[in-house]
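Okay, structure first, notes after.
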C-alpha cells in the first residue's frame, strides 16, 4: 500500500535513505535452488555506482552488496533474500544549507507536506540512491532469467537532448553499451553526447534524454489483461524511476501520426513455423500480452533537477529566497540510469514469467 | 494477480466479454453513506456508448447500468457494489469469418497462445467493450470525489493524427469537451478532426492521436513513493486502456530537450500564502507525490486496428491468408476514449485520496 | 482491503446482500481450458440450499446459478468468471419489525456503528446468504482439483452439542455424509442429532457443534511460511464463515495435554518408499506446509443466534426493549455449513496448489 | 504471495534464518511523526529473548535491535522502517548431526520437499528465531497504538498441560504477567507450572498449553467482512506462530455445548449511554467486527517438538534411524510465546485501526 513493494510473485520491498545506515531490499518469492552470490549482484551495482567516469558525479560510493538471508551453501533456499548496501561516502553536511529550503523540481516540498517531516540529508528516501536496492533486486531477477530462460534485456542511451544514437536493436549487447561511459552504443553519437554533457556540467546546468530498452527472446504469453497488461506494468515500472516523465512502447507517440493500414503489424509464418509479424509497431505486446517479437520501449528522463545555477525558491516557512546549490551531482542521469531501467524491466518480466508457469 | 483488479482501497474487479451475457464490475472499498443511483452512473456510460454520433461506430448499445448490490435506500452501505450492463446489440455472427484468423494488431494471437483458448466473438475479453465496466466504476469514484472534494477531472482530444487543438487547461470543462462529437474543445480543430475522421473512415482506414487529461484541485500529498508514485500509477492506469502506446506527464518527452535551468519549476508563495510553482513542467507531481498544481498528462492512442482494407495475416494453424474485415468499428477511438481516460484517472486518484485519509 | 476477496492466485470476490437482487462472485485467476457448466456448480449449491430437509429452514430458495462470463463453448477461458444467483424467496417484510432493533449476537450493531448505515433486510451483507457465493466459487475450485489432482475434500458434522459421531476419516465420502440430513455419517449419532435439533427447534432455541474436515491426497509442499502457513490460512478461511468461534488442526486443543514424546509424529518409510508419519497429531501440516498425511481440522460453530425465545436488547437509539423474533431459521446451522466448510477448504487449497506450480 | 508479509496498510515483511547474519523486518506503512527509538523496541525483544530465566533455553541471545531506516531525528518519517537483530550465539555446529535427518514434528521434511533445499542450521527459516522480527514489528505497532489510542494488549499463559491459572481479564496487566518467569499471573498456578516445566525438562520431555490474549478499549468497528473478519485475521495471525494448533475466540469450542438462549449476548445501555452486552460469548467480535467489548481469544501450543528422548525417524534419503537430539531448547515455549502472541495481535489490530481511519 505505502508503495515500497514491487511485484506480486517475485516481490521486492526496498528500504533506506540516502544518508541512513543502509539501503537494501527484501525479495520474497525468489525460487529455490538458484546459484547466487554477492559477486554476481555486484556486477550490476558497479554499473550504477557513482564515480565510474568523468561524466558522472565524483561521489565515491563503493556500494558493496551483502546477502543477509535466503542463501545457503551458495544457493537460494526459497526464503526471503535480504540484500543490503552500506552508505559510506555520505557527506550529510553538504545538505545542511538545504535543510530549510525546498529545492525546485525535487521532492522536498511534497514529502514535507505529505508526511509533515522529511529526512533532509541528501534527499532522504526520495534520493536516487534508493535505486541501489532496485538494481540489486533486478540483478537477482536477471540471474534467474539467465539461468532458466534465454531472455535478454539491454537498455541504452538513445538520445541526450537533441543528439540521437542509431542502434541496431537486434544485435546490441550490454558489452556494446558499456563501451562508452555515456552508454550509447553508437560511437559517433556517444562522443557528441559526452562533449555536451561535460560542457553543460561545467556551466552548472543539466541535460535529459531518452533511454531505450530492448527485451529479446521473451516467450509469447506474458502479461495479464486487463489492468496488468505487460505494457501497463512496464509503464509503471519505468515511471517509478526518479526523473522520468514519459514512457512509450513500440511506435509510441510517433505511431499516432500513422493510419491503421501502415501501423498494423501483419502476421506471417516464418521458416520455423512460428507466427511472426513483419513490422513491430506493437513493440512486442498485443492486447497487453507479449507476442514473441522484441519488446521495445522508451523512457523519457528530464534534465537533472540539481544544478549549480542560481534559482528562485522558498524556505520551508514560505519565504522567497535564492538557492545556490553545490554538492556533487550528475549533469545527466541517463548513463547511470541504464542499469536501473534494465533492473525494473527484469523485475517486471520476472513476475510475469513466474505467473505464466501456473497458467502456461 | 490475473490482472482484472485495479486499486487497493477502492478496489475494482471487472468481468465480462464483448458478446457474453453481461459486462460489469465489483467495487470493494467504496465508503458508506454516499448517495448513488443508476441515473448518476448512466451519465458517464452514455458518453462512452457507441452510436452517439456519425463519427463513431453505428453499433447500437444502450448500455443501461444496473446496481446489483451495495446500495440501500439510495446510499452506499460500505459493502461491495456490483454494477452490470447487459450486452444487447451483439451480432456474434459478424465474427464467424474471424474464428480461425488472427487479426493484425489485435489480441487474437496472444490470447490464443497464452490461454490455449479464446472467445472468438467480437474480441471476447480483449474487446474495448470491457471498458464499459471501467467507466461505470470510474463514475462511482467521480461521484465520491465530487461529493467530498473539489477535484475536477477533464480529458479531451488534443490531437488526431496531425491536427492539434489549442485548449486552456485552466478553464476547460466537460461541457466544453462534449460540445463537439470529436471531444476536442477547440472548435476549429474539431471541425478539421471530424472531416478527417469521416474521410478516413470512408476509405476503410483508421486514425490515432493524443488525449490530454487535466486534474484540478488535487490536494498536495497524493501518491506513494517509491514504486507507486502517482505518476507511475497514472501511467499504468492509462496504458491499461486498449490501443494505448504511450504516456507522458508534464513536459514529458519534449521536456528532454530542455536543460535543468529552463525545466525546473521554481517555487513562490502566492497571495494566499500557498507555495506554488511558476511553471508546471512537473505536471503536478514531484517525487511521485502531487504538489497542488494541475496534474497534466497525455496518452497516445494508436490508429484503430480494425480497418476495412485488405491485410495479410495467418490462420490459427499458421497458414498465410488475406483478411477483409467488415463489422462496425470506430475509425478513430479517441472521442469515445475520453470518458475512459477520465474513469481511469478517477479510479487512480480515488485510491490515493482514501489512502491519504490515513496518513494525512 | 475491504475484505470481500479471498485468495491471491485463484482470487474470489463476493458481492450481494440477503435481500438484494443477486448474490454472486467474480473469480479471477481460474486456469483456462477447464470444462465448466452450471449443472456442475449447482450440485454444491443444492447441498447448501435452504429447505432441503425438515431440520433446516423452510425458506425455499432455489439458488440457481448462472455463469455470466469467462466460459466459452463449455470451457473456462482464463478470463474472470462471474457467477450469480438471483434472490427469489425474499420476504423482506419479515424484517420490518427488526429495522430499529439490534438482534443479540448478530452483526446489526457492529455494521451500524462501522458504516453508519446498514441494510436491514435479512441481515443484509452479514447474512449467511452471502455464503451462496462461496459455495459457487468453491465448486469451481473443486472441479479444477478433481480434474487435475486426486485431492479429496470431505467435511461432516462430528458433534452437535454433546452428541458425537464416530467416523473413519480414511474412508468417509461425501456420499456417506449426505446419507442423513444432518450430514453426520455415523448413523446412530445422526439419529440422535436429528431428534435433538427437532426438539430444540420446536422449543424456539438453537444448537451449535463441530464440523470436521478431511483433505486426502494433498501433495507435500503446499503452504507458504511464515505468515501464510497452510494451517493459518485454513484458520482464516474457516473463521471467516458466519457463526464460527474456533478452529483447530490435528491434535488441536487436546494435544496441549500431551507431552512432546507422545505428541511428536515419528517418521517411517512405507513400502512404496514414501516418507510417512506413524501418528498425525500435526494434522497433515508441519511448519505450515502440507506433509502428505491427511489434513484434518475442526471448526466450532456457535448455536444459531436467531431464536424464538424472548430476549432483552436495545433499539438503534439505545432504548432497552424485548425482542420476540420470528422468521424462518435453522435451529442448527451445521448441516448446511458442511458444504461451506468444504468450499472454503477448496478455495484455500486451490490457491496454494496453483502457487506450488511455480515453485514446485 | 510467498508468505513473508503480514498486513496491508501496516505491512510487515520479515527475513532471516536462525543461523544467518541477521533476522529482521521491513515495515512499510508506518505513519510519520511517531517517536521511535531502539530502546522502546528493545523492551519487547527482551521479553522474548532466550536465557531470561531457568525455565527457558540457556542459549544466550542478546537480540539487540537496530533501526536501519525510516527514522529521522527520533521520529518516523513515513518511509520504510528496517529493523535488524544480529545473530550472535549461533552454535551452528550443534546442528551438524541433524543435517541428514528429519526431526519429527519439525519442518525439516516439508521444507526439503517443498524447496528441494533447506538451511540445516538450527531450523533455518522455520526456526522460532524468526519471531524476533515479529516482536520487533509488533512493538512498533504497539508504540503507535499506545501513542494514539487507549488500546491495551495483554497475553498470558492460562494453562500448561493440565494446570490452569485463574485470571481477571478486566484488570490483568503486563506487569502482572511478567511477575513470574512462566508468565501466568495466577501466582499459585504459576508455581505449579514452573515445577512441572522444570521436572519435564529434566526428563528430556516437553509441554504444551494455552495462551489467552485480551484486548481492551478496542473501538467498535474494526474488522472487514466477509473474509477479513477481525476474528478470522486474528486466527490467521495466531496460527502463523510456530507450534500453534488451535485458536478460539470468546466462548470458542466450549460455547458449542450451549444453546442460543444462553449463548447470545444480550444488549443493554450503560450509564454512559454506550450500548454494551451483558455477557461476552462473542469475545468482542460480532459479524467479524469489534463491538467494543473485551476481545478475548485463546491459542493452543503443542508441546515443544525438540525433546531429548530417543525417537524413531528417517534420514533425508529415507532410511530409518534413531534420533537422540541435544541442543538447547525450551521444554515449554509458552512463556516466551506470550510477547509473540501480543505482537501478532498488535499487528492485526494496527492494520484494522489504520483502515478504519479511512472509512470511520
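By written order: A, B, C and D. Residues from 1 in each chain.
Definition applied: a contact is a pair of C-beta atoms (placed from the backbone, for glycine too) under 8 Å apart; a residue touches a chain by one contact, two chains touch by 3 or more.
Just so it is clear, the model here is predicted, and its values are computed rather than measured.
Engineer: Any chains in contact with both chain A and chain D?
Structural biologist: Expected: B, C.
Engineer: Among all chains, whose Cα centre is located farthest from the one for chain B?
Structural biologist: That would be chain D.
Engineer: So how far apart, in whole Å, are chain B and chain D when each is placed at the average of its C-alpha atoms?
Structural biologist: Inter-chain centre distance comes to 46 Å.
Engineer: Could you tell me the distance, in whole angstrom, between the mean C-alpha positions of chain C and chain D?
Structural biologist: 27
Engineer: Which positions in chain A touch two or more other chains at once?
Structural biologist: 1-5, 8-9, 14, 32, 78-79, 114-115, 125, 225, 355, 359
Engineer: Taking the touch definition from the header, please name the shape of the chain graph: line, ring, star, complete or other.
Structural biologist: Chain contacts: complete, every pair touches.
Engineer: Which of the residues in chain A end up touching chain B in this complex?
Structural biologist: The touching residues are 1-6, 8-9, 14, 102, 104-107, 109-111, 113-115, 125-126, 130, 159, 161-162, 200, 205-210, 220-221, 223-229, 231-233, 235-240, 242, 244-253, 255-261, 263-269, 273, 275, 277-278, 281-283, 286-291, 300-307, 309, 311-314, 318-320, 355-356, 359-360.
Engineer: Which residues of chain D touch chain B once you look at their complex with the stated criterion?
Structural biologist: Counting only chain D, the residues touching chain B are 1, 8-9, 31-32, 78-79, 225, 354-355, 357-359.
Engineer: Report the residues of chain A in contact with chain D in the complex, numbered from low to high.
Structural biologist: Answer in residue numbers: 1-5, 8-9, 11, 13-17, 20-24, 26, 28-29, 32-33, 66, 68-70, 72, 75, 77-82, 84, 114-121, 124-125.
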